[in-house]
Structures are given as structure tokens and as C-alpha cells.
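What follows is a set of structures for review.
In the two complexes that follow, chain A is the common piece, with chain B as its partner first and chain C second.
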Partner chain A sequence: MRPPETGPPTALLCGEIRTCLLPARQALDIRSAAQFLALRADERVLLSERPTLYARSPDTLTGVDCPLPAADGARVRAVGTVAAHAVLTEGRVLQTSARFRAPASGPDQRRPWGQYLIRPGTVEPLGKLPREPVARGVLDGGRQGDLDVGLIADALLTRLLRHPLLDQRPPMRSRPTRLRWAALPAPSGAGPSLERFTLAEDELRTVRLRVPEDTPADEIAGLCADLALHDWLLTTVVRTFDGIRLGTGADRDGSSVLRALGPAVDHLLHLWMPRARVTPALARLWDPLEERPGFTRQWDALVHRIRDQLALQAIGPARREVEPAP
Partner chain B sequence: MTDAVFHETAAAPRTQAVPLAHLSLELGHLYMEDFEAGPGRLRRHFAEVRPWAEAARAAATARAAATARTGAQRARISTCFLVDDYFTRFSSPAEVVPMLLAEADRAGLTVDYLARESGCAVFGEVPVAEAVAGRIVESPPPSSHGIRPPAAQTGWLANGERSPAVRAPQAMKRAQVWRPPKETAARRHSVFLDTELFSDGPDGRTWSCPFLAAVWQLARLGLLRHQGEAVLSPRPHGDGGFPDDWDDLPPLLRLNPDADPFTAYRTCSVLPNRFLPVEHAVRVILDQTEVDPGALGQVAVRARGERAELPDSVADRVSYVFYAGP
Partner chain C sequence: MLVFAASDKGGTGRSVTSANLAYQRALTGDHVAYVDFDFGSPTAAAVFDVPGALRGTEEPGLHSYLEGEAPEPARIDVWRQTEHPQLRTRPNQSGRLVLFPGDAGGGEFATGADALERCVDLLLRIDNEFDVTLVDLSAGRSYAVDMVLAATAHPRMRYVPCRWLVFHRWTRQHVIAASGLVHTDHGILRGGVERGHDEETLRASIRFVRAAVPDPESPLWAQGSPAQAAWMQACDEALRRLAAEHRIGDSVVLGIVPLEPILQWREQLITEEDVLSTQIANKETLEALEEIARRLTDDAHWGQP
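Then we have the complex of A and B:
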């Protein structure tokens, strides 16, 4: 049971998610995943086997007392804790997620620390919260010394990547991605909506949402992790085609195609399952992305392309016979 | 997704509930030096404790009656006593416990629950102290944006910023100017406290007295869980005597079969004033410990249900009476 959400209503929810391939030759089974994600001795790792193998670590908290990033340059000091956790999907894709919620206003003075700890994952402004500038500030990135939840997600990722269960031999090359998100309250009576999903440079994605006020931070972070996971899958599989020279004759035995595409088949193709861990109310936020640009459409096209390439390799000798003689 | 047909128990967090009294009243600690001072020391102790224990009872009863829904509600109050068997082993339960109970009885006091201090370090198979240490979230001094070495590494926890280390001046360099430490929640002037949580030696880790006392407070407040299960649950004492070895005595023993629950909304400890620095450190530790949110939520819901007044902050649920004495 989670505690009832106490305190003032949420005016802003923000977070950042890092997604990367687990640097291990073999995917972790569910028991190893539980061991890997046991960040706290006294709290269980949540494990689920349907519809995908999924393991979620307990939350860890980091205390902060610093200005919030604000697009208009306002300096709003805020105090509280940022909650971070890690998730492993199919023992293969590791995500760390840091998030906080902020009320519309807080006391003018910092309170005793124990009072912040009873509302884990809440960062309270001293005074009023300029929610729109802060939401933009979080998505655009703040100045040095501003609250940066990405650093906290990164610290947890660094800590996990040193775990002795990992042999540091990933089956393929890939790059981690970052997804920053900010959720503002939806107008009263309106449902949740996805306002913007931006593919920025440097493996950075930003997501801007509107959600009803009582939506738990956990569920929004879950939706964003689902978006981050699938965006990372697309990014990574698209990249596997980079550097392969298809149909040029330079790779007659097809070994480079197999070398590049084989690991994607072994480790990634079965992971595509949008909305698998998203609450029904938020799952429909996938719809606009499926409409345009069409995440699943692109994925299906990539999967067909991989299968076609592998099929071509399998019939390689026959194909050579029909090639025109020089 | 609570309305779903499909459920996985390992995928959902769960927290065992514990029974709750209004007040857990601690009648004292017993250390080797107290025991060596003879029964006269215990007699004087209980004689000093008696009036304060009655005052604490009266206050708890008045508080319960003031908030009761209908008529006068009986305050549920349990008493407890802690014997040190962690730092020094002395005598045997067979010798100590009957003497202790006789002296309490002479002063008109009943000891409902008897605890061994080592139960706060490790209870059965559960590493209680280690788990609590893992839940420390340090209070961030201003300008902390999330990157600090955690207390878990240094073994020390402070209520503010330490004075920077002053190194001997090197030739051609000016000596560093001393800067004072700073209490984060200071009112104009600091009362800085830096407490040792543990020390590591050839025989492993030894938890400090203040740290175990903080665990003891959390146990009495019903806020300790191990993977969702309650820890430090009392075991009933049969009609037989007491064993010759402390290890054979359950870590938490219910001596009075009619006693109210061991765990309570609030605690009060009556102690000689030599414990003042230890209990100040306990407060610093409790103020920076994030207790199990599930347990915290259960206690809050129950308190609301019977209109019991419950401070938000865990450290504020703890109270003391210090009497002048050795």
C-alpha cells in the first residue's frame, strides 16, 4: 500500500529517464534482476512476468536545497527530495528514472528536514512556484547549480553499471538516451494529454504533458519510461543499419549484415510492447504518437527490413546465380 | 491498474500492519555499569521514574480523551525496558531480569515488554540497523543540487555543514582561515552535532549507541519493516524462568500477557540526564531517516480513524523526561 498522498495538491511533476542496453553478454533472469536492483536491504524489488519480464527497484531519495531551473531566469529556491528508481525490462534494457512533484506554493522559510521526508519525492518552493517557466526550464535544462534531476538519474545509473553481476560485454553497440518530462495540471474536467514530444540533439528527448491533478507521479513516470524505452528501441535499431552496406556486392557472404542485425534479433525485437506497463487512463496518450510519426509503423517496417535482409542472406547463393554476369 | 482481472503478487508492494497503542513508555535502559552498581542503583532509578511515568500516563490519557469520538476513551499505554547486551555482555537473564522486575514492582511500576539492545542491530535473520542506515536521507545544506557523498560511506551524520578541514600551511601558501560548522536549521546561532553511526573493526561493524537508540525509537513507533513484514515483533513469555544466556532470550519479550501493544503512535522515555547527548543524536538521526512509506501511511490512517493526534514528523512523535541522576 502506498501512503495516501498528503499535503497540498501537485502543481508540477517533472523527471528525467536514462535508457541504455545492459552491458552484459546474457540478459539477466528474473532472480538476477532482483539481486541487481536491490538498492535497499529492507525493500523488495517488484517483479512481474506478464506480459514482459519486468523488475523495478525500490525508490531512493536524494535531498536537495537549490534553485529550480526557470526559463524566465527567476530564481526560485526549493527544498525537498527527488525520488529515483531503476527498471530492467526483459533483463536487457536498463532505465533509471528520477522525478519530483512540486506544490503551487510553500512556506517562506525552510522547514525541519523530517517534514520533507514524510512526503518523499516532493520538492517544495519557498514562496510561489512559477509553474510554466519552471516546466520550460526543466525541459530546456537549467543553469549550473540549478536542480538537475538528470544528474540524479545519472548517478543511479553509474552506481548500477558498476554492479558485479555485469560482465561489461554488451552484445551490440548502442548509445543511451535521455528523456526529460514535465507534467502540468490539465484544466478541470479534462483528461490527460500529450502536448509535445520532441526529439532534440544529443540523444535528448523531451515530453510535455497535461494530467488531472490527482494522477500519481509514479504512473506518469511509468508512461514516460514506456515512451523512453520504445524511443530507445527505435533509435537503436535504426542505428544498426548505419554502416552496413546493403546490396553493394562488397559483402557477398553477408557476414557484416549478420553481425549487425543478428544481435538486434537476439536481444531487441521481442521487446516492442507499447503500453504494456501504462495505466489505462494514460495509455491513450500513445495514440497521437502512433498517428504521427507512427512509432509502431516505423518499428514494423524496421522489423520487416531486418527479416528480409536475413532471408536474403539465407538464400544468398541462389541470389548470386540470377545476378547478371560481368 | 486495480480493476484488472490479472494479478501478480510479486509485482505489487505490500506492508504488514502492526497493532498500535497510544503511548510507548520506556522506563529505562540498563547498562553494565548500572548493574555493577548493585540493586540500589535500580531502586533509585525506578523511584525517580515513578512520578514522571505517572505524569506521562496522565498526559496520554488526557490527549486520548480530548480527541475521542464518544465519551472518555481509554488510552492504550505499554511500558518497556531496554537491557544492553550489545556493547557489553554481563551476568545472565536468569539473574538480571527477576531483580529488574522486583525493583520495578517495588516502585509500583510494571514492565510490559523487555528488549535486548542487540535486537536493534540484528533481529533474528533481519539486519535491522543496516536497513535503517540505508534509509538515511541527509538533510541538504543550502546549494545542494543532489551530488554529495552519502553518510553510509563516512559513518557520520551531522545536522549541518561541517567546518572545512584545516591543513597545515605549506611554504609560500597562506594558512586557510578557519570557518565554523553550521547547523542547517539554526536559529541565528548553530548547535552543531556530528554523530558517529558505526565503526568498522576487525570483528566487523559496530553500530553506535545513538544509532541503535534511533532504531529502538522506530521499532516502538511501529515504523520498521523488512520487505513489507513487521520486524521486532514481541514474543510472549511463558511461565518458566529466564535463560542463562542472553542469546536464548527472545530479543523482545512480552512479560505482561494483558499489556497493550508494544508499538504506539508516540513514545516517551524517562531517563537520567547522562542520556541527553545520546538522545540529541537520536533526534538528528530520526530527522534524516525516511521510514517505510507504507508503514507511515498505515499509522496515519489508523490515527485519523480514531482521531488520535499524530505529529507529521517522525522525530516529533518522540518525547523524553530527563531526571537529574547518574
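Then we have the complex of A and C:
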């Protein structure tokens, strides 16, 4: 456990998570995962096998001194460090996550570096932090030159994807997704809440949260990584049906159905386990998403659809070609 | 699968034909990327009718990305951003069609080790996401050609299937030049071997596309005199012999795109509507493009010549 964070209370927590399929023919086992995620010699990779195979790299820090994105165009310079780490789930889905917390205000002048390094993952504004505009700025994306945690997550992803353990033979085509999140303090006494989950562009999602002030940044990033993982699973499995024309007779031997759906069965269907690594206090933020749009409901329908398609293939095309009675 | 489009000379229809191949593959349901490595003169934005990218995007293009100035290159969703009236309504069951534009005024540049690593990163990421990726390369033995020869020989790319299309027009000079681009001492084959490719494997992955070929039988020439017809036949015969002598004969030709008047006027995508309803394009052109697009992934056309 890291020591409790000291210093002024957190006014805003932000981050971005990139999620992609690990480009390797075989999923990494726990030993390889540890080797893959050993970003630092001085800190160990966190490993756990229940309820899913999970490996988390140590944090890396990136020093920043640049304006924060702000929806109202305000220029707020901020200095500090952004923390980033990577997570591998079941040796198959790779996520990189960058995040920072910011206090409500900081000194008007930049301080010596050593003082920023005391609190890793904290970015201090010079002066007051306009937290609402900055939260919106982070979610909508800033201007060029503004602090972009997505780039830090992407740089870590690029670094990991060059790792010699990867043979660059993913079992299926898939698209990486990005999930940006911002957490503002909840009113005193209130519990955490999920204000909004949006699917912005094709592969961009944004999450806006309210959390009690003492919630650790790690736990919030963990919740968001859990949302990002399951959103990516849904998105990817929905798309496995792209390009196969079901029920047209064009695919008589069923080989294209098998080719498209087989990898999803081999590599993805067993990964669905929402809330598995979320603290109990934050786990209930899943509830509204399960209510509507209903993540697990859609997932179950997809899994049934895939199994039905494969069952139809198993029956064989000959028996299915029964002429409908007039 | 990565498909590299090369040509020895400009004006061979390389960009416009490969853009049409990308379009045809997307129509069949594949997710397709079109990567504009024609650094001297990026033209793909014009062919796909995406005007934002024509004026040079706000976002960084491939050139900035490879030079390390931008962490990610811009992408343009063609169905969504095109101003081509028939492309605006994305056809049912079509795949994605994404253009990675070059920077306006990019120009050629020397490839360093960093640019090469970034090129490998990019090609791998795109290949992991798209079914077919067409990479349009600057004409000649350009930096673009050298860079992708080095990138595809990189150990990280050893399992990525790569194919090459060399475009040329159907004239003496173009036939000789296209053969030279592949087979001479300064050609793609020798350049590839120097960068670690296996010569036979690389040779087997190269096919030629004859573009803007006048078909003597076509109604376009029906008005000509018998003397003209006989002359064209004789030329065609002579060119076939020349091509065979230069090792780019029929056995290594993936397809032939007939001379298409509208492509002489304007670089554009040929749609079904152009053939069926407005009838400004010839049916044979569309059929040729559809067939070449299909053959890109048909192994029967990629055996050892």
C-alpha cells in the first residue's frame, strides 16, 4: 500500500484509459505478464489470479508544466506529475491509464521540482483551479499544447507494444478505444455517483463522476478501467459480426462465420466480469449502466447470438436447407 | 494485410487506382485504411473528396507523425467527411474507409531509426485494426519506398502479410520503367534484399497493374479507320512482347484497368452510379476495379510466377 496522500484536498481527478487487444497469438501467462509489465526495476508488478488473471505495472511518472485544458478558454498553467500504469487482463486485453489529481489552488509561482515529486500524480495549478471548466476541458479535449493525459497513456501503450514478447499476431482485428474520465467532489455526506457516460466519437468514451473527497485516485482509475474494459469488450464483440452476411446462403460451408466468431469465443467471451476489481463503494456506480443501456444484458444477448450461430454451423448446412412450406 | 502501391513515374494512375481499390474493398464489407505515403504530393484527399484534408488539416498528417512532431497521425472517416454526393450515404453493410492523410507541403525526408520505428508502430497498429490497408507510395525509388522496405523487413513485422502493386501505363517507356523499378540494381528487389528481405518471397509478393490501357476492341475506338485499328493491334502485341522480355508479362499482372475518359479528366472514385445511372463511366472500368480489388486477397493470384 502506498502511504496516504498528504497535502491539500483534491478538487479534481482526471484521466484517460486506452484499451486494446494484446497483439499476440497466445495470451500471456502470469509469468510473461509480469515480465511484460516490469516498467521499473525498483517496483514489482502486481499480480492476481482471482477472479481473473490480472497484472498491473508499477506507476511511471511524467513531469508536466503546461496549461490545463479549460472549456471556457481560461489559461491555467499547472505543474506536477502525471502517473501512468498498464494493466493486462487475462493476458489478453491491454490497458494503459494516465491520471492526475489537482488541488483547488496552488502557489502563484512555480516551486522547485523536489516539492512536486513528494506527491506523485498531482498537478498543481498556479493560482486557483477553475475545476468545472477544466473538467469539461479534459472530457472534450483541449487545444494543442494543453495538458493531454491521453498522449501520456498512448506513449506508454506505444512503448509496451514494442515489447519483444509480443509476436504482433493478434487473433482478430479490433479497434482500440479511449475513455476519458473526470471526477469532481461529491457534496459533503453524499456517496459517489456516475453523472454521465457518453459514447462520443467512434472510439471515444467519456465518464463524469462525483466522488467523496477522500476517495483515492487509484480506486477511481480502477473503476474507470473496469468500465473501459467492458465497454471495449462489448464494442469489439458487436463488431465481430461486421462483414459476415448471415442467412444469405452466401456462406454455405459456414467458414466465414467460424472465422469471424471463433476468435471471440477463444479469446474474449470469458472476460466479462464487471466490478471484479472495483472497491465496494464504487462498484455501485455500475448500477445505472446495468439499468440502461444495460451492459450485461447486451453482452448476454451477444453471447447467445454467437453460440446460436455456432450451433447452427454445427448442425450443418444440409439440414438447414428446408424449403418453407407454401 | 498491407498492400503497397508503387510506380516508377508519376501519372500512372497509381493513387487514383489504389483509392478505387480501397473503396471497392470497403463496399464488400472490409474495414479499409488508405495511407498516403505520397509525401511529395498527397492527392488522396482529392480522390476521396474530403476538402478539409485538401487544405492541409489542422491535425498533423503522416509526415509530422513520422518525424516525431505528433504522437498520432490524423485520420479521416471518408464516409462521414466526404463531399462526394454518392459517398455521403454509406452503403449498407459496407466496412469503414479511413484515410490517413499526408501533410500539405510535406516533401520527402531522410529516414532515421526513430522514423522507422514509428513507421513500424503505425503499420502494425493499422494492420491490427483494418482488414486491408493500402499504402500509396511516392513515385520512383523514393524515401517512402525505402522506408516501407525497411519497415516490412523489421522483426516486429515478420508475420504481417504484405503485397506490392506496381502501376504502370501501357507504353514502351512505362513498361521499361516499371520493370526497372522492380528488377534493376536500384530496384525494389535489390533494395529489399539489402534491408533483410528474402528475395524470392519479396518477388512473389509483387504484382503489376497496367493502368489506362486502351483496348483496341473498345467502342471508344470504333470510329477509327481500319489502318488505325491494325496499328493499335500491332502496338499492343509489341508491348506484350516487351513486357514479357522485361519480366513483367501476363503471369505477374494482377489486372488491367482500361483507359477511362473520366479519370483522364479528374481523379475520382468510380461508383456504380457513374456507370448505371449517369453513365459517365464505362462498365468495363468498374468491373476491372472490382476484380483487382477481389484479387488483392485471392491467393490464387499470388502464387510463385
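Convention: the second predicted complex is superposed on the first by the 317 of 326 C-alpha atoms of A that agree within 3 Å, B and C clash if a C-alpha of one lies under 4 Å from a C-alpha of the other, contacts with A are read in each partner's own complex, and residues count from 1 in each chain.
Just so it is clear, a residue touches a chain if its C-beta (ideal position, glycine included) is under 8 Å from a C-beta of that chain, and two chains touch if they have at least 3 such contacts.
Small disclaimer: the values here were computed from a predicted structure and weren't measured.
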Fit or clash between chain C and chain B when superposed on chain A: fit
First, second, both or neither for A:D242, with chain B first and chain C second: second
Larger contact residue set on chain A - chain B or chain C: B
Touching partner for A:S48 - first (chain B), second (chain C), both, neither: first
Chain B versus chain C as contact partner of A:R162, first or second or both or neither: second
Chain B versus chain C as contact partner of A:P69, first or second or both or neither: neither
First (chain B), second (chain C), both or neither touched by A:P125: neither
Contacts of A:G254 with chain B and chain C, given as first, second, both or neither: neither
Contacts of A:R40 with chain B and chain C, given as first, second, both or neither: first
Touching partner for A:L151 - first (chain B), second (chain C), both, neither: both
Which superposed partner A:Q115 touches (first chain B, second chain C, both, neither): first
Minimum Cα separation, chain C to chain B, after superposition on A (Å): 9
On chain A, the residue positions that both chain B and chain C contact, one per complex: 151, 155
Residue numbers on chain A that touch chain B, as the complex places them: 1-4, 6, 40-44, 46-50, 54, 61-66, 77, 79, 81-82, 110, 112-115, 117-118, 120, 145-149, 151-152, 155, 279-280
Complex contact set, residues of chain B against chain A: 1, 6, 8, 10-15, 126-127, 130-132, 134-135, 137-147, 184-185, 225-228, 286-294, 296-298, 300-301, 312-316
In the complex with chain A, residue positions of chain C that touch it: 28-31, 71-72, 77, 93, 95, 117, 121, 124-125, 128-131, 156-160
Touching residues (chain side chain A, partner chain C) in the complex: 20-21, 23, 151, 154-155, 158, 161-162, 167-170, 173-176, 202, 242-243, 245
